[in-house]
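In the two complexes that follow, chain A is the common piece, with chain B as its partner first and chain C second.
What follows is the complex of A and B.
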């Protein structure tokens, strides 16, 4: 029942200058890759944005050698305060070029400009700013008196928050004195390559940051390279398993940030309108391409109908479409492959007996799109209640007592995040204690901050990113395991 | 000829599982000898089924043990040290026989083991302060991080140091609120069985610690691949099998403590926090601030 129609409010893409092709960033230079180059497309239009080099084992080897050299000769011996200053420079450069990064991210990933502009890019800059300050204070981090860097970190990141995940990986690695070889996701390499340019503008010594683009094989080469001391991976639990197997028996230190199937628990005393905003933020933020997405709504039975009615009303106002439009709430699904998976799991949801609801919404003709979707009548055994969909698909289950809520919330092999909605403080704290999840959002959801440790329990992985805890992943010393 | 000397009552060495002392369900035992090869006892040889039963017991005990107040856990663990002290002579005898140590060196090892247990007992109510944090996020939120136990931890105990080594790997697991399934030293299991008797009389709830005498090479793979085991300490794994166990552990994304490079360490050294950190998760909780 819109009173006024929205006028289009497109962000201009003229601020970005995408080259027709990109090489690998190794030892401070852009170089050709040895593999067959790949194309990266705008998922909202299927337009090819650029052609990007693919790194082979030999390319990865060159990058690791450059990183090792930089570690031994420059970055390792450097005064910690100077390492920090480089990171401060990078943080400032990201802020100066924020709009450019935001537009490029939305083009390559499909996420709404509102999110890339207000979340991804500012948080990425904040991560560098935060970690910059740690560089010369590591002895005070509670990790022993003399924590030392590990050496060369091999890092593999996903496509859902391309620049932000890069920042989560590179900032702590550099602050603790390591050098890095980073492989961006196959479908979203462009902001990482623009970041390489930022490294050059910051005069970061060559080899400290190396960016090797490619697909799974390139990532495998990074993980399995014998001269890598540290492996950090964010992505699916399935790939996480194979990485844990690959590093078994080596001295490589490993951190994994994997999948999730978070419960978002709504008690009957919760302020329903606020909870509905939180539910929407929890599952539709970034098209649901979020490992900590609140994909299982657990709602107390006596308010189920009220919550679902309010939720459907709210979802009806979400705007799905052009990621560069400043009014867009839900952008494009990142790839055809991901869209196929979301469709498949949604079809399974219906086939297994759950009830699908989607608002009336027009989707663009070209590109990869999936409307916001709510499944009710979901049972805990359904695949849409167990498997990570990684899309804008919410499964609704009910509970009667707090004990049942906790049991259902913990009934998953994952343990990354959870949400609690209630006005009662004692209940929130008691439930938070009993949830087996690394991040618990009470009366909020999907909040992130560089000072706040993030990471999973159980099969959602191990190690933390952010805060004092995140530093331990990149240091050795008496107390840094 | 009839001697006037009293004939001693010998102990049957059994498993410690779920707070009870069963034989192996397999009915198997193996001969334990002293360092010179003389017969000491027939120890139970735990089977795959025993290991799985122990995991069930450890899982059942986890809820209460992990939710006990840190002060309570500290007192229970301190009580363990008190009862160990009362068994000092017995531990010395078993350590001396099994490890082939002089009386003086065996006593030093037992002293250190009891003191190590006291050290860990004192950690229970400091961990949250030392490892937790209040996080100054850029927004109107109260945001804090606390350590929480990982869950059920399988421990392949050191093969050489039968009591000090055992305590050094077990105490950090339970002090931080986890429950444990321990495979003891294969050749030197007797002090572990006695420690089980100490635990059973020290207010440690049944199932919190389960001690399996037997062979880490045999039981290691089952524990490494078990989906209800959250973490595994490979300290006592056969060196040539550790990589295989770590690969098995990847199936359920277990936390893995690798065997120390260069073999069994000097257990008398300051242990630091590494072992406790390995078996702790960090939970971060956010709540908005507002009127």
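What follows is the complex of A and C.
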């Protein structure tokens, strides 16, 4: 037993009411779905949380029609300043109900309450506040003198940051005058449905936001619907590719935010202790279910042993377990399916000759769990150095010179993010210039802000979300690149 | 050596330069070698250090772990009075408090030490005889350290002769900031020698106060920590309490990293003592969490971690009573010192 054992400090789950079943949110009302309802489980315990409606093509059609109606009659003609008021109202409601959202997010997703409380929910509110401010200032965004909305946006979001990705999608769409049909991820629909309740609480006109739950088929119906003007997707590169195919040749505008295999580059003059923190934050934040996760550690060979020793010691202090415990650092893997993929790729890593290291840590008996994992002796040819694992698995590679670091960092089909650790400012700027990644962090990692555009190079997708650039994706004539 | 600022100052015998422990035996062979070593330590990113302690500050320590943390914190307190107005009476009152911090509860642990000026060390020693509670005396022209080395060493010898078990010295921040690292090193070595007792009994333990509020940057804190450990300090201590800011969590983090890395390299344990500015139970618990998750559980003992404080103790006692009885009492339920 540890000398200083932290007693369990669970956040109370009674703050949130979970209904036994949920319908679709269409035209301001909760309605039944025509598909066979699906169950959503708590990945930490495998307990069924609720039954959620599944939208079919007909349901999606109803939602798109409602969105179109709301766009032409109410939301489109509305004074921009008034649209801003609704967004401010939503933002404030998210803050007021922050604990509810945080607990629900941790229950449905498996992420630690510390993250949903300190990152997901505050950032989601921040996105609404930020975009609320833009609503009546779009003429000054440098995107033309009188930028016009596109119409109806069809949006499909992933399960890793359910509420935050919803905010990234809905806030800019609404601020620019569009209406929305959003499909949450199959495994994490609950916070989107709570958000629907917030829309009602904010008196948002019916049809402006429609939420259609379901799996891949429902998403396909949203994306392929003929009356959708804009498609926004965050998720896997594989699905993104099929969406790009489906949208090709139509008038629909498209933004894709897909996978990543980010390099986190540690030079020998880095602040080592903080770099170790950054490596941990880069790959173990949200169980590694982060598209911009720093999953490839590129460490300068002359400090490799020192950095790895410090990293292993630090990983030994990570607290894996009950997501609702306020002291938990790493929660549950979101689904059995994702766990299987992480296991498979880790086994491939070992089979290909990399060395697997995992701390001694007890995992709960029920639920989906994977310990934090570090692979050393990884070659750039190994699959764990190329494929996105989307889990708490770090691949360590080395370099000898800055040129080699850049070459190896860019040697990926992705290009979403990268990190540089060095105390030398000139080196940071020079390297950042040469990295083909949408976001480059210097002496930090996984920092997000609504003012900062986010998006990828190459197979990480196209278009930007957040900041002034993110507005362009929802405005007519504005270049979304 | 003669005093840098005052060539006519009293001169002190400088003991032969002590070699730092392996594998660092040669780093003090010259001023430039020592400088290269200290400046070659990895830098500290202020933003990263601050966000690390902010994250650890969110640890939720409740029920049994809170009870353990409060008792542990009490047992780590160096109960301090360092005022010009200190009297033997005040020191005796403090000693009584140190032995039984909570007169209503015999289960409450005593503190680790009572910390006073050197001239009152004898009074404290007498008042604490047979309790196991140490007497710590500040010395070396505390708090500024601006005196000739002979005066500083005399100050130390005097406190040791009065029976001090621990000496809290200050480093020469002027010399450190001017880059005269070997001067600072030699002085710590000399003070360490002065901690020896003429009768051959165990020498007084040496705590080296870095006065981090005057060093300002975390890079400087890391260098000063290593300097003090290499020179043989048993503890590194943040502050005198006379300069603001005193102990802060990022500074404590860097010092804990230093002792952790020093042990990994040399096998020697050096303690850490944040002092000044820690006033609430919450602050104290944050420090214990920091120790636990930085240097590790090996440092969660009064031999390796101390908290220099005066008003903190009463808050710890109030929180302890609250845990025990289920309700808050109030400031009149603990003694005023």
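Of note:
FYI, the second predicted complex is superposed on the first by the 474 of 481 C-alpha atoms of A that agree within 3 Å, B and C clash if a C-alpha of one lies under 4 Å from a C-alpha of the other, contacts with A are read in each partner's own complex, and residues count from 1 in each chain.
Operating definition for what follows: a residue touches a chain if its C-beta (ideal position, glycine included) is under 8 Å from a C-beta of that chain, and two chains touch if they have at least 3 such contacts.
Model, not experiment: these values are computed from the prediction.
By the touch criterion stated above, A:327 is placed in contact with chain C alone, chain B being left untouched.
When the shared chain is aligned, chain B comes close enough to touch A:461, but chain C does not.
Set against each other, chain B and chain C differ in how many residues of chain A they touch, and the higher count belongs to B.
Shared-chain residue A:245: touches chain B; no touch with chain C. With both structures placed on the common chain, the touch criterion links A:444 to chain B and to chain C. Touch criterion not met for A:62: it reaches neither chain B nor chain C.
Legend: residue contacts after superposition of the two complexes on their common chain; A:97 is shown touching neither chain B nor chain C. Legend: residue contacts after superposition of the two complexes on their common chain; A:296 is shown touching neither chain B nor chain C.
Judged by the touch definition given at the top, the superposed model places A:272 against chain C, while chain B stays out of reach.
Residues common to the contacts of chain A with chain B and with chain C across the two structures: 443-444.
The part of chain A that touches chain C in the complex is made up of residues 2-7, 9, 114, 118, 269-274, 277-278, 317, 326-327, 423, 443-444.
Chain B meets chain A in the complex at residues 67, 130-131, 133, 135-139, 141, 143, 145, 150, 230, 242-244, 246-247, 249-253, 255-258, 261, 270, 272-274, 277-278, 281-288. Chain contact summary for the complex, chain A toward chain B: residues 126, 142, 144, 237, 240-242, 244-245, 248-249, 251, 256, 258, 413, 428, 432-433, 435, 437-444, 447, 449, 451-455, 457-462, 464, 467-469, 472, 478-481.
Chain C contributes residues 42-45, 47-49, 51-52, 58-66, 68-69, 72, 257, 288-289, 292-293, 297, 300 to its touches with chain A in the complex.
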